[in-house]
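Below are structures written as structure tokens.
In the two assemblies presented below, chain A is common to both, partnered first by chain B and then by chain C.
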Partner chain A sequence: MQRAVGSLPLGPALRARLAAAGFQTAQELLDTGPCGLSREIGISKEEALEALQVVRQECSGDAARTAGGAGTTRKCTALELLEEEQAQGFIITFCSALDNILGGGVQLTKITEVCGAPGVGKTQLCMQLAVDVQIPECFGGVCGEAVFIDTEGSFMVDRVADIAAACVQHCRLIAEAHQEEDHQKALETFSLESILSHIYYFRCRDYIELLAQVYLLPDFLSEHSKVRLVVIDGIAFPFRHDFEDLSLRTRLLNGLAQQLIIIANDHKSAVVLTNQMTTRIGQSQSTLVPALGESWGHAATVRLIFHWDKSQRLATLYKSPSQKESTIPYTITPHGFRDVQPPAVTQNTESTEMNPRKRPRREEEK
Partner chain B sequence: MAAKKLRRAKLPQELCERLSRYQITTCQDFLCLSLLELMKVTGQSYRNVQKLLCQVSLACAPKMQTAYEMKVRRSVNPSSAFLSTTLHSLDEVLHGGVPCGSLTEITSPPGCGKTQFCILMSVLATLPVSMGGLDGAVVYIDTESAFSAERLVEIAGNRFPAYFDSDEKLFCMTRSIHLYRELTCDSVLKRIKSLEEEIISKKVKLIIIDSVASVVRKEFDTQLQGNLAERSNFLARGASLLKYLAEEFSIPVILTNQITTSLSNGLAIPADLVSPADDLFLSEVSGAPGSGKKESGCVTAALGNTWSHSVNTRLILQYHNLPTRQILVAKSPVAPFSVFFYTIEKSGLVLQD
Partner chain C sequence: MVVLRAGLCPGLTEEMIQVLRANSVRTVVDFVSSDLEDVSQKCSLSYKALVAVRRVLLAQFSAFPANGADLYEELKSSTAILPTGSPSLDQLLDSGLYTGEVTELMGAPGSGKTQVCLSIAASVSLGLKQHVLFLDSTGGFTASRLYQMLQAQAEDEEEQAVGDTALSQLEALQRIQVARVFDVYEMLSALQEVRDRLSQQAVSCTGPLKTVVIDSVSAVIHPLLGGRQSEGLAIMMQLARELKMLAKEFSLAVVVTNQVTRDSSTGLLKPALGRSWSFVPSTRVLLESKGAAWEEATTRRSASLAKSPRQPTGMQVELDIGNSDVQEPSPATPTEGL
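Right after this comes the complex of A and B.
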């Protein structure tokens, strides 16, 4: 009630007039009433009424916050956070080595960035995750839906259909091996059509469409509350050309990062971004570094870099608050993103290693 | 989309006028400002500005489709998803052929057959759908003046003798291939911008640019300061225009590129390797046996890293043992690395089994 007038979210012209008229606290405004206000400042009665409604909303919001209600800022102890984190799911990637170095998989409520040279498998991983997020809980998934924002046009529906079919097949084999009732029930709804129907695809042609889409995303996610994964495939592409004003680009990217963090937290979903690599010409050699500059590196919580070593694809965990840096090999099969098969195993095996915490190991059948 | 005027975003008239006093007329200007700046220019409260932002975003944002809808649409019209190259094993690996709606790049050292491949694809695009073609016109942007109409007729006559049995059919086919000779980067970009109307009026089903690298490398010397950035800018703009055309009309776009060695004044760029296909196969062929080949410089596709990100499929042609050559699938969202051997005959490219 004692809130200063200058801090209220009114239009700046209105605030200037209120200050000139000598109003200092919100309480004074509320006491004056709309007619008095309009007379004193010289605005119309409707405008005065609107202003007072805004003030009232703000003040009641303040009161609720100080009373410890469900406001936007919450206090909790680290113990509560620990319990929350442990109960949270991960989105598995079907490559157990990658899941291991990530600490279980792609984490919800965090932003994960995947950088890599062209053709190394970033879009493949994104498509795999869009399918994996829908795995039912009894099989170790988070049973969510996916939003796929594509800026490069590399989303291939046929490929996603192949990956989804392989995933359904995998779950079917697990259900057969374990014969539990909830497995069977989950399998009824987990089919190719349902997987594809729950991937919401947006094609953004330039950075303005991308910005607009991210502004609208919170409303979309409120309507589709089961979404647990937001993928932006190619956050670098729209920002890397036609930008003379680099400071504008940095500002837009920072704003984007902020909004994505809010979305990840409020809707308990994982945000996965893919970035390109650019060549930095140094003194005596040039190296590949992630694009979009140094300051963008701070936006993501977890950063993975995919690269080649001769003909082997490798993934390096470059930045993570809880796991240590390591590099693992992976491969891309017709079924999707997988581990590299160890040489002792015969070629025609179907098995992929599973995260032992989430699902029991399946014995070799062939 | 970005240049959409705010009036068309259904903002109230007085607000648009007020904003135009601050030079904010398009959605792009509006969305690039922060919330506080917007409050200042519109003179509205925080909540109203948020509502305005949502309204303008709705005017710009893309439409949502589910993956299922996309799949259904593709399966309803399967023949329009690919342009078959009639090179059987290559088509199999690529799940049908050159994909529609995305950019495909053909890269090779000089003389391996890029232009031959392009001429072959032009013939194929004009064929009726029953024969695996797209039954449409072709836009061929030639920057090297390498297109030969005689060769075109020769390939058509030898590859499909049953179909092109009369002169009239040949003339009909040649009439649907529109050739443009552009010799500078600017004119290429202008031509690409003008393509949207041409595609609709002439019912174009294939765009070929032969070659992007020659015109870019002529004009941009990357040794000079600032040219690298300008070149990337030009390429990125061209790529996004072509992607828009490819997706909007669901047609394939074929571009050709050249091979380059790394910078010769000692600056080794092993990091510029796009994929192991570039490193392994190319240096095997072009270098001497032994470890010397890696040190003398790696051979990679030209035009840099950013360009490699923009193309969706990359095919590399190389020499093998003359007259045999090989074609590699180096980057593709649906195909793994594969190598096929071919020769160049009267009827164009012929795969060897």
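Right after this comes the complex of A and C.
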């Protein structure tokens, strides 16, 4: 109850008046009551009542947490978190090398950022993930729905249909090989129409629409609680052109990042963002770096950089809290995002030069 | 600037307060600094009563000077130095994290701040068997990586019997409390809650708390800074005050992580949150990746001392954030131990 007045979420003018009147802790405010408060600092009774309600909410939240009550929304021990993480699924990408360096696939409750030069395959990966998140659990997926927020207009429905058809075909082959009851049942609901109908598509044309969409997303997600993936294809595009005030841009981006983390955590979904690349000109050479500046680099928890090496596409894991940095090749086929097939070698003996950490959470059925 | 209230001290009645307030004496500071003869004449109150009240108020509200020698003795008995889990980092920090101080780690994305924080939490929990509070505001806390580090650190210590190691690691995990705070007000209430718990000295499941790790403090403050609003600066300083008070009053070691931004004029990297924040931590360590750009993948990092009250700045050591890896020959999952 000894919460300092300066740390309560009240407006700045109100806070200044409270400080001038000599109030220091929240307890003093609550003791004064709304009439006394409005008299002392010269605000209307309704404003005083509102302010006291905010204070009461904050303090009761504190008290409940101190007593270990039900107010503890996001607090737990590391052991509980470990158990939670191990029970959590991953969204596979159908490229086993990429899944390996990510530690099993795209993780839920984390923000993954994919940066790359134009044409390297970022939107392809996003479309692949929007299909893969819907794979039923018996085949190794998370059985969720997807939200796709498009700012560049690069979402092609017929391409998604191709990818979805290839995915359904793949699952059908697995079901035939294993011949189990739940596989057949799951296949009945897993069809092209159902996949396409569970991808919720939003088109945002400028940064204001994008911000509004992200801030309205929690309401949408509480209605559609099966959503496990939020893709924002092209977060750099609306913020890069036509923005004079760079400090405003940094602030908006940081607020956006925090809002996305809250969404990822509260709704147990993965957030995937795609970013563009820009050239930084140093003293002697120029390098390609992800766009939107240094402070944006801290927003994503996992960062993947896609780049070209002559004619081979490579993916580098640049930032991750639990995996080592490594680079793997991948390719894009008519069926979607896939591994590079080494010539005349079967799939099981695939090996990469780097040392990816192999920690499959469950058997990968490939 | 405490407002005068009835019952603040014996002899201060409600009528006295009303009369004083009518003569614009509202707070303790006004009362103590005013001329009492003047006040007693204007308010027609007894001079003796006013002097008595002033004596009590002074005794209650003033700060007392402390002897330097006493302070030193107290510091010697209450300060502890906590190992960070990495000997080279300990060397940089003058043998470890000092309780009663705020230590800051700063670095570019991917430089290893979260890894060092996890390593500190693992070392304090496993080695010293103390409780750790981890405030995560970026979503970067991965319990499986923490478990890996615990396993690696447990292997280094030879005194543990083989059968005990798994159990001690699970106990170590239970001593680390994780709170996900994504908003600055949530962070302030979490810190307030810690303060309440510690001041009540409740023997709860938390036990002796010695370390608070905040990853990262700039993620919650950065959206508020800048522009024409000075609101963000006020909240930042409020947070700074909370952290320093926690560290000093309860002898905790507070570790925070900060981001780096690019200076617009010189193009060099500088710590985020500006000059005002730079006075808050007593020690600042900058983490950098050894590879030039993202094309070279390496786990080697260099930590340099940017600000320290005890060591010369500019000291640099090399860290390997991958050295706590457990090289598993077979894909064994940690659930086997549970």
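Here is the rule we use: the second predicted complex is superposed on the first by the 270 of 366 C-alpha atoms of A that agree within 3 Å, B and C clash if a C-alpha of one lies under 4 Å from a C-alpha of the other, contacts with A are read in each partner's own complex, and residues count from 1 in each chain.
Rule of thumb we're sticking to: contacts are C-beta pairs under 8 Å (C-beta built on N, C-alpha and C of every residue); 3 or more make two chains touch, one makes a residue touch a chain.
Quick caveat: nothing in here was measured; it's all calculated off a predicted structure.
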With the two structures laid over each other on chain A, which partner does A:H298 touch: chain B (first), chain C (second), both, or neither? second
Which superposed partner A:P118 touches (first chain B, second chain C, both, neither): first
After the superposition on A, what does A:N265 contact: first (chain B), second (chain C), both or neither? second
Should A:R3 be classified as contacting the first partner (chain B), the second (chain C), both, or neither? second
Taking the superposition as given, does A:G255 touch the first partner, chain B, the second, chain C, both, or neither? both
In the superposed arrangement, does A:T287 touch chain B (first), chain C (second), both or neither? both
With the two complexes superposed on chain A, say which partner A:P12 touches: chain B (first), chain C (second), both, or neither. both
Would you check which partner chain A:H241 touches, where first means chain B only, second means chain C only, and both and neither mean what they say? first
Applying the document's definition of touch, where does A:Q24 land relative to chain B and chain C: first, second, both, or neither? second
Chain A contact set shared between chain B and chain C covers 9, 12, 248, 251, 255, 287
Chain B residues within the chain A interface of the complex: 1-2, 27-28, 31-32, 34, 39-40, 42-47, 53-54, 56-68, 70-71, 74, 95, 99, 101-102, 232-233, 236-237, 240, 243-244, 246-247, 267-269, 271-276, 279-280, 304-306, 308-312, 314, 330-331, 333-334, 336
Give every residue of chain C touching chain A within the complex, in rising order. 1-3, 26-27, 108-110, 114-115, 118, 121, 134, 137-148, 170, 173-183, 185, 188-190, 192-193, 195-197, 200, 204-205, 216, 218-220, 222-227, 229-231, 234-235, 238-239, 241-242, 259-262, 264, 269, 272, 293-295, 297-299, 322, 325, 328, 331, 333-335, 338
Listed in rising order, the residues of chain A that touch chain B in the complex are 9-14, 50-51, 54, 117-120, 123-124, 130, 148, 152-154, 156-161, 193, 195-209, 211-213, 215-216, 219-220, 236-237, 240-242, 248, 251-252, 255, 276-279, 281, 284-288, 308, 310-311, 332
Contacts from chain A onto chain C in the complex sit at residues 1-4, 6-9, 12, 15, 19, 21-24, 28, 58, 61-62, 65-66, 68, 74-79, 81-86, 109-111, 246-248, 250-251, 254-255, 257-258, 261-262, 264-265, 287, 289, 293-295, 297-298, 300-301, 303, 305, 316, 318-319, 321-322, 324-327, 354, 357-361
